[in-house]
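Two complexes come next, and they have one chain in common, chain A, joined by chain B in the first and chain C in the second.
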Partner chain A sequence: MSEAAMPLWEVFIRARNGLSHKHAGSIHATDAEMALHAARDVYTRRGEGQSIWVVRSSDIVASDPVDKDMMFEPTASKIYRHPTFYEIPDDVGNM
Partner chain B sequence: MYSQGLIGADGKTHEDAAFLAAFQARIDAEQKIEPNDPMPEGYRKTLVRQISQHAHSEIIGMQPEGNWISRAPTLRRKAALLAKVQDEGGHGLYLYSAAETLGVSREEMTEQLLSGAAKYSSIFNYPALTWADIGAIGWLVDGAAIMNQIVLCRCSYGPYARAMIRICKEESFHQRQGYEIMIALCNGSEEQKELAQDALNRFWWPSLMMFGPPEGESVHSNQSMIWKIKRFSNDDLRDKFINASVPQAEKLGLTIPDPDLKWNEAKQGYDHGEIDWDEFWRVVKGDGICNRERLKNRRRVDRDGAWVREAAMAHAQKRAARTASARIAAE
Partner chain C sequence: MSGTCEPMMTSNQTLFSYVLRLADDHLILSQRLGEWCGEAPTLEEDLALANIALDLIGQARALYAYAGQVEGKGRDEDQLAFMRYERDYQNLLITEQPNGDFAHTIVRQFFISAYMDPFWRRMEGSKDDMLAAIAAKASKEVTYHLRHTSEWVIRLGDGTRESHERMVEALDDLMMFTGELFEMDAVAQEMLQSGVGVDASDLKAEWQHTVQTILQEATLELPKAGHMQTGGRMGRHSEHLGHILSELQYMQRSFPGLTW
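Take a look at the complex of A and B:
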């Protein structure tokens, strides 16, 4: 195709106040305004959203799945970060 | 129907045994595969092929029904049909974006569709001749699509599975609006009921073909099952569809156009007559009633819209340049 590629945007939607924005998918648009319009048409045809964020896919910095172990494995051995690590007598009640 | 996307798929892959075993272990443990995860090249290629063909099917699928928007019999029917066709466009876009996570660009996929290199579901090469066809398409074609798509919600590739969940939520209105049209026609005059029967006669067999050829001939089906891209055989899904549709036809007072269709007590399901696979292959290879027209329309629309895309790009560039120069002036 001779046409220039249209930038890709990631779409995040807040279903209702009190919830955080959640990734819904992506769309192509030339600028932010068009991205918002397209996101509204494509991802909120059934009242799925109260608020939309769009961000250029190229602006997202992501961790590499190859580094997964290095990044996240160390937390697995730190069981003392969880409440169940500590022994409290039953008769103390809920804590 | 989207197992049709697997026809001719190249599942060949060249990774070493340890890599493939580790990948298969993840699949067997029902872990979802996400975009940047290591994956066999054959897995990636098979998915690109199936998801993009699924997307093309949604986009081309707008044509047979779009044809009836301006001729819908009432405003209620028109609003529903318009919403349904808009949904199909939206479904195409969800799917294109799922395919793009595998490293194929929207432009490449569009080019493959327009050049005829990529296929789409055979069903959309049949014309919608009467208003009753809109009923039959919603009832049978969307019904068959739902059968396939529900199992695809559990596909091993995360973005595809997520797109399918969203699509399935939206599809059930499609089938219901179609069946409601059939009910109205079947409760109407003799002529209306005849229209409904005629639509069923024309759409029944092509709907059964949507599930793809029996497994023996569907070469790459087996590898797709092992990778959990696909979870049931074509014949199993087809049987499920027939078992669901026959009582629905009876409720309408219509006759399924298959003299060999009969209840099989032992398997608790229906046995059906011979499917004309020669017809199926003719349509897949480009010789269906509407293949040429569908692509011609798609190419025309793409051409006619090119100036809009170019203008939007130029506008965005101009605005960005203006903002940049204003910033320099202010500094």
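Take a look at the complex of A and C:
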């Protein structure tokens, strides 16, 4: 089937309560409902899923790799932003 | 089933027969869907059909294992699934119909799912604990099968002119196999009366409602019910079952007892 009839969708899966949705991959589907089905059938076959998000790939706004230095380089020298100086109590669970 | 004429069935034999035919429905349909593996129109649908096939094989395994236990002759699920002859299989004729094009596969699955969905829900109330437990698991699975095939019916029916025409053809070809779904023979009657089985004839109105609602949305119509094919429950099959079995049984016939 043509790309127009079966556009690309990005799939995000939340594995457990308390975790965030993570990008799992992409699928082709005719529309949102079928995209959910395809995502379920392709990416949650082994009990990975509690919740699925799908979004049209064309709707995702991405940063330009050319801007990499401007976007990300300045944070490299700011070690104090990392929470590595704290001990996380076990009770906190997933961070 | 030995094939010999038995004047009176004991209740256990009836239960065995009832569970076995349900198992056969699921095994044969699963084998048919499995033929799509690697051949489906898209990768996504390849997995979707395989997932449905795996749900069905899981249901078939549970049913065969239980049938073997009820029979009490030491036959396990493999022996029941692989080591019987064509006339011993009691599956519904619709389950053995060829995949055809994608429209035929979807309509076949849609017809059966719209039937099995209320069937399993009612079976959850069976007096037979094992059947009730199998039903509880299966009904969640088949609800998804119904949802998935319904969405495809809508998109293919209300899609392009070609997809619409193919759906019309598939509905015409498969309609004659739907009468058998609602038949109640002596085995089914006895199981119903003992509180174990489901009244299949009573599912017809719900099936028609489900099917017609979706078809309407799909700009399709359910063909008029004409002559209905029957015979699967008595081991009288279409020419297709033998070919399915030759492929399905090949490994166990060549290497009896093989495990892997």
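The definition used in the following text is that the second predicted complex is superposed on the first by the 71 of 95 C-alpha atoms of A that agree within 3 Å, B and C clash if a C-alpha of one lies under 4 Å from a C-alpha of the other, contacts with A are read in each partner's own complex, and residues count from 1 in each chain.
Here is the rule we use: a residue touches a chain if its C-beta (ideal position, glycine included) is under 8 Å from a C-beta of that chain, and two chains touch if they have at least 3 such contacts.
Everything quoted here is computed from the prediction, not taken from an experiment.
Enquirer: Clash or fit: how do chain B and chain C relate after the overlay on chain A?
Expert: When both complexes are placed onto chain A, chain B and chain C end up clashing with one another.
Enquirer: Touch check for A:27: first (chain B), second (chain C), both, or neither?
Expert: A:27: touches chain B and chain C.
Enquirer: Of the partners chain B and chain C, which touch A:56 in the superposed model: first, second, both, neither?
Expert: A:56 contacts neither chain B nor chain C.
Enquirer: Now for A:45: first (chain B), second (chain C), both, or neither, which partner does it touch?
Expert: So A:45 meets both chain B and chain C here.
Enquirer: In this superposition, which partner touches a larger number of chain A residues, chain B or chain C?
Expert: Here the partner covering more residues of chain A is B.
Enquirer: Just checking: does A:14 make contact with chain B only, chain C only, both, or neither of them? Give me first, second, both or neither.
Expert: neither
Enquirer: Which partner does A:6 reach: the first (chain B), the second (chain C), both, or neither?
Expert: In the superposition, A:6 touches chain B and chain C alike.
Enquirer: On the A-aligned overlay, A:64 touches which partner chain: chain B = first, chain C = second, or both, or neither?
Expert: Only chain B is touched by A:64; chain C is not.
Enquirer: Do chain B and chain C touch any of the same residues on chain A, and if so, which?
Expert: Common to the two interfaces on chain A: residues 1, 6, 27-28, 30-31, 34, 41-42, 45.
Enquirer: Looking at the complex, which residues from chain C come into contact with chain A?
Expert: It is residues 41-45, 47-48, 51, 147-148, 151, 155 of chain C that touch chain A.
Enquirer: Would you mind writing out the residues of chain A in touch with chain B in their complex?
Expert: Touching chain B from chain A are residues 1, 3-6, 8, 25-28, 30-31, 34, 41-42, 45-46, 62, 64-66.
Enquirer: For the complex, which residues does chain B have touching chain A?
Expert: 34, 36-38, 83, 86-87, 90, 93-94, 97-98, 100, 105-108, 110-111, 162-163, 166, 169-170, 306, 309-310, 312-313, 315-316, 319-320
Enquirer: Help me check something: in the complex, which residues belonging to chain A touch chain C?
Expert: Residues of chain A touching chain C: 1, 6, 27-31, 33-34, 37-38, 41-42, 45.
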